[in-house]
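Naming follows writing order (A, B, C and D), and every chain is counted from residue 1.
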Amino acid sequence: MLDVRDLRVAFETRGRTVPALHGVSFALRPGTVAGLVGESGCGKTLTALAIMRLLPATAGIQAGDVHLNGRSLLDLPEREMARVRGAGIAMIFQQPRASLNPVFPVAAQLTHVLRLHRGLARRAALAEAEALLARVGLPGPTRILRAYPHELSGGMCQRVMIALALACRPRVLVADEPTTALDVTVQLQIVELLRALQQELGLTVLLITHDLGLVAEICDDVHVMYAGRIVESASVEALFRRAAHPYTRGLMTARVRAGGRALPTGIPGRVPPLGQTPPGCPFHPRCHLAGPECAAAEPPPEVVADGHIVRCHRWRAGVA
Amino acid sequence: MTLLTFVLTRVLPGSPIDEIAGPMATSQQRQALMRHYGLDRPLWTQYVAYLGGLARGDLGTSFVTSRPVAADLASFFPATMELTTWAMLLAVVVGVPLGVWSAVHRGTWIDHATRVLAVAGLALPVFWVSLVLIYLCFYVWHLVPPPIGRLPALVTPPPPVTGWMVVDSALARNWAVLGDAARQLILPVAVLALAAVAPLARVARTSMLDVLGAEHIRATRSLGIPWRRVVWTYALRNAMLPVLTMLAIVYGYLLGGSVLVETLFAWPGMGRYAFNAISGNDYPAAQGFILYATVVYLVIFIVVDVCSAILDPRIRT
Amino acid sequence: MRSFGLRLALAVVLALAGLGGIPAGSVGAPAGGSDTLVIAVSRDMQNLDPTNASSDSFTLETLTNVYSWLIDYKLVKQPNGQMIGDPNAFVGNLAEAYRFTDGGRKLVVTLRRGLEFSNGDPLDAAAVKFTYDRLFDQNATTAALTRMAKITDKGSVKVLDDHTVEFDIADPNTLVLGNMSQYGHAILNPRVVRPHMTADDPAAHEWLKSNTKGTESGPYLLESWEPGVQFTFARNPHYWGPPARIARVVFRIVPDPSTRLALLKSGNVDIARDLAPLDEVELMHDPSVTVYRFPTRITSFLGMNAKVPPFNNVKVRQAIAWATPYNTIIRNVMVGFARPLTSPVPSGMPTHTDQYFAYRTDPAKAKALLAEAGYPNGLSVTFTSRADLAESKGIAVWLRSGLAQAGITVTINEMQGAAFTAALQRHDLVFFHHPGWNSINNDPFYHLYWLMQSACCDYTNYANATVNDLITKNMISTDLKARAAASRRIQQIATEEAAWVFLYQPDLVLTTRKTIGGVVFYPADVRVRYYYMTKE
Amino acid sequence: MFADAAYLLRRHPVSLAGVLLLALIAATALAAPVLAPASPLATNPGDALLPPSPRHVLGTDDFGEDLWSRVLWGGRIDLLIALGAVAVALLSGCALGAVAGFCGGWIDEGVMRTMDVLQAFPSFILAMGVAAALGPSLRNLIVSVALINVAIYARLMRARLLVVKHAPYAAAARAAGNPPWRVLTVHLLPNCLTPVVVQSSLQSGWAILTAAGLSFIGLGVRVPTPEWGVMVAMGVPRITAGAWWISFFPGMCIALAVMGFNLVGDGLQDLLDPQRR
């Protein structure tokens, strides 16, 4: 469905090129939910933006490929890509309120998308907008339509954002920490909504999160990221049964409370800042299993089991 | 405020009486005139009298034009207002897209070129540009009518309704005069706009850059809205607030009357009036002008507040 | 979703395009038809009360064209064919005839029959009496000038009958006619003016300052006045004399001299006033323009305050007079539109002589005089010029470099018009350029009195006992011989003592389109009479 | 900081051009005594109004003064006006703003209302009035041009001060027992200077333009001071007579200097405002 291959992204700052994604590869199976997991700063959001080709001006895709239904997105002219966005892949963001344009009422943003992508007339678009708002579980859609984003709560904004994303009838939905900025109770509601919509519409979802609890709850597959690399990919069951990478296991031990904003990991140290990735396995300075080979060379992907891949020199030591 | 203007006009060197009385006046005649204009009384009495007049809406009588200052202001203000407003509209139409364009193409040669162009417009001394343009466009190429004021010499102005020649002649359905008035406006409007483009473009650029980096712009793009629409519909309106404030500053500045442009184009506006008042020690006129400028300043900022509220719903609540 | 910016842009562009696209009517079009004269002037008129008018040239020109007075200058044809108003020959204007009686103690004036004001009211002896009563009651400049000629008060003006008025002259003198031949003596319409007289303003000054309607008696009437924009004359149908040749005159206020020049060259105006001398020279080569130049009696000089050191020292004044670059100033600042001034009494005024004028530009001589004066190592002075007059600036610069040759360091201080006038009239200026004094009465003692003796206008505080004595003795006198001798003596003293630095007498330059004719020059008041002008 | 600047200049060739322009102008102005072939005040009646030629590369003016020499010397005066006016405005404005922001209360109220009044005046007319009241001279010109900008600096300073006043380091400095003036001058002011610096560069350009405008209406420096504005003003009436060079060259100098200041100001803004990098 969505196939990301060896995606490399770098920042151009102060005349220097600082690599941020070092060859990210994964694939989404149609109609499933895949989780992209990792601590803050490990490149999850960057991966999503690169897929959407919405990287900030300072970042650029150096190499790699993104295919949607076999069509390479990176080579598309901007005009075509705009058509893919929304209709092909839609995205919802971490900060729901900041993602809505503050100076337009909900109706204007929603009907514009409907008219543009689905060619609806003004009146039909308005009716559809109302239906969509109802579909994402907003009470009193007519009132919401007239409202400006600052008049809505964070949860409501996220629902509006979801409605906007669904308005284009996308095949793939990228959800970038959709619940992180919300209250705990609201988080659950949004998760429920996403799950319901996914099943109902048969969406393929890439869920970006640092919350393994959430992953366990709704994902089919998981990809764990660290310092711009996918360090482990597996099905949810496989991962939770037998996580191979020491980093993944660290994450899991830390998963005491679901949804805590700043994740107090059981891993000592911090994610290395951009441009200061240590040589070899980027995780080795923090890894309790690290040996001399870890600092010498970056580990190649190794197959743990069918569909379970890990990049660690010493995963066997960990699993044993 | 009134006190300040009062004091400020009184510190001008010289006295209006010397100009009025003429060279041969004796000191008694001069004193008689001082009495006539109430200038012989102590300053604070003059000030109280001035305030009293103000309360009745009386700004005093100009020494130079011999007319009530209020009437003078009423006849000079529309000239400046018309000139300035057209210039501002032109500057907005040119400057804002230029700034947006520059922001969209940030860091490219387009960005650099537009910035240099805008700054160049600002950097040229306005009187110098005016003269060169008059020389070329009127004198050499005959593209525009002579810089002789608001209407050609022998054209009868339309009955004043708004004081705007273009509007009044349209109201009077006098299309010939409308054309005359419009053509008289071309060059001075262009010159004023030239200087106003740069600040507008600069603010539009910075503010657009801020907005284009915002989350919601990324979100809008993620919905597959074409880039052009994102910039010109979604981002522009967000970026308009700072532009509006700059617009008000520039507009207020220009409404104070551009002495230089009005001099060169024989435009009977506020700047000329103020210049004559100051250089002729015409206290009531100078005071009246300053009062006017203050009111204009206040009104513009109220209008900007209202417009900001219309543009940005967050300000409304 | 609507695009706010786009719509606004579209609207403005359409509006501008629409306006610009209206078919051209007046681009490059010539000024009005042969019945209208269009004139670009530098500034607006100010205070039009004839007896207490502001002294700027366009106010006075308007008064001269819309009012008439009893006695005026006689028109004569000069050998070169140019018509001028002879400053020393007088004829009746509103007066059909006038004569001095009683050994010059009375002036009897007979009015023309059937005179009317511009509104049709009769202009008779009662109006004359009203005019002079008001003049004396108001006691302003014109009253002072009238008294100067020894017509002292209201009682001196008597109505003999409807058409005859008699003026008592306390001491017979030569000043009467010259002092009366000017705008201040404009006869006013009592029926129009009297209703505006109030307890606060018994002279109706406030009304007359900005109105002439109904009380005009000259060839033109003031048809309209839009302050700061333009004012217009129209032919006065009730004028007694030959009607104005051109029906309307439009004065357009164009403050910038380059703009006025461009308007004249392109034919958008018929006449441009107050151009820069350099442009006037240029215009002499323009086949579509006529440059009229008339020698005036205007005295332009450098004032040196005789009460303030170092200028109280005659030698210092003489040194400066020897160091001044006369020719450079006339050639480079006035571009030749001036002739040297060689005496306090200008050339063209009776009794003028240049025989005492020895000054040339001679820095060595100036240095020697400075040494004699006690400044062997030079001197530093501050020179005040008018910031708003180009020629004043030019003189300042040339003077600075000229005086530097003689070891005099000049610091230039520029003053704005109003401040300069105020300081000038308080006699506070120490070393300055007087841009030009014109004595309307072409009489040497009138001239010398004002500039060397009067409280108001002896700007340099020049005081020489002999000179004072000679002026006092001869001003009111009919002994022409004695006056001539005294005038020469004064010229000798003032020139030798370097009362001022005598700079130049500027020309009156009038630049018109070739189509304009009938230009008549009045050396006495240097005002342009538009009613003689013709246009092809 | 230097690395930043170097980077920025590479990314902003236009700002680099601005810096080079200003450097060039400053260098020629400083080297005027060496470069100028003649004294800027050397008049010569025979040489008036000569067009550019090998002897007078930029021609001569009404007084036969060599324009090239005058343009060179004029750089000194104009840079002095720009920097002087900005310095005066900056020092007084910042002092007022700092006092207002630091003291608060009625002092703040009083100072800021006065600034309001100053800003409500149309700035050119205000400068005109002040220049007319003081009379034309270089010093008065600088003062009048400075006055119209005082309010801008006061406002900037006060706004910034209100932000940093409550910053942790300010509280720390206060807790350490520093007297208020010391907290203000040593700990707070240095943190308020960024917007002020940017503004200064932009205002320098404005100052030259305002000064030139005042000169044009006769309120600038005295003749024959070689100041670009006065030179343009004197040359402007000569354009129609064909002597374009008198106003053209000083006019270009003004334009280049103002452009230089503006471009540098733009660059500084980008450099000093991390958000806009």
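Keep this in mind: a contact is a pair of C-beta atoms (placed from the backbone, for glycine too) under 8 Å apart; a residue touches a chain by one contact, two chains touch by 3 or more.
Bear in mind the structure is a predicted one, so any value in this text is a computation, not a measurement.
The central chain here, found by comparing per-chain C-alpha centres with the mean of all protein C-alpha atoms, is B. In this structure, the chain pairs A-B and B-C differ in their number of contacting C-beta pairs, and the larger number is found at B-C.
Rounded to whole angstrom units, the spacing between the C-alpha centres of subunit A and subunit B is 53.
Subunit B and subunit C, compared by their mean Cα positions, are separated by 36 Å. For this pair, subunit B with subunit D, the centres built from the Cα atoms lie 23 Å apart.
The geometric centre of subunit C is 43 Å away from that of subunit D, both derived from CA atoms. The set of subunit B residues that touch two or more partner chains comprises 12-13, 107, 131, 135, 139, 229, 234, 237, 263, 279. The residues of subunit D that reach two or more other chains are 11, 132, 135, 236, 239-240, listed in rising order.
Multi-chain contact residues of subunit C (touching two or more other chains) are listed as 1, 258, 262, 265, 388, 415-416, 419. Subunit D makes touch with subunit C in their complex at residues 41-43, 45, 48-49, 62-64, 132, 135-137, 218-219, 222-224, 234, 236-242. By the touch rule above, subunit B contacts subunit C in their complex via residues 12-16, 18-29, 32, 36, 64-67, 72, 75-76, 86, 89-90, 92-93, 96-97, 131, 134-135, 138-139, 142-150, 152-155, 166, 175-176, 178-180, 182-183, 185-186, 229, 232-234, 236-237, 240, 263-266, 268, 272-273, 276, 279-281.
Residues of subunit B touching subunit D in their complex: 1, 4, 8-9, 11-13, 107, 112, 115-116, 119-120, 122-128, 131-132, 135, 139, 198, 202, 206, 209-210, 252-253, 255-260, 263, 271, 274-275, 278-279, 286, 289-290, 293-294, 297-298. If you check the complex, the residues on subunit C that touch subunit B are 1-6, 8-9, 12-13, 15-16, 19-20, 22-29, 31-32, 36, 38, 40, 44, 46-48, 52-55, 139-141, 144-145, 201, 205-206, 209-210, 226-230, 250, 252-256, 258-259, 262-263, 265-266, 268-269, 388, 415-423, 425, 437, 450, 454-457.
Taken in their complex, subunit C has these residues touching subunit D: 257-258, 261-262, 265, 276, 278-279, 282, 325, 327-328, 331-332, 385, 387-388, 390, 393-394, 396-398, 400-401, 412-416, 419.
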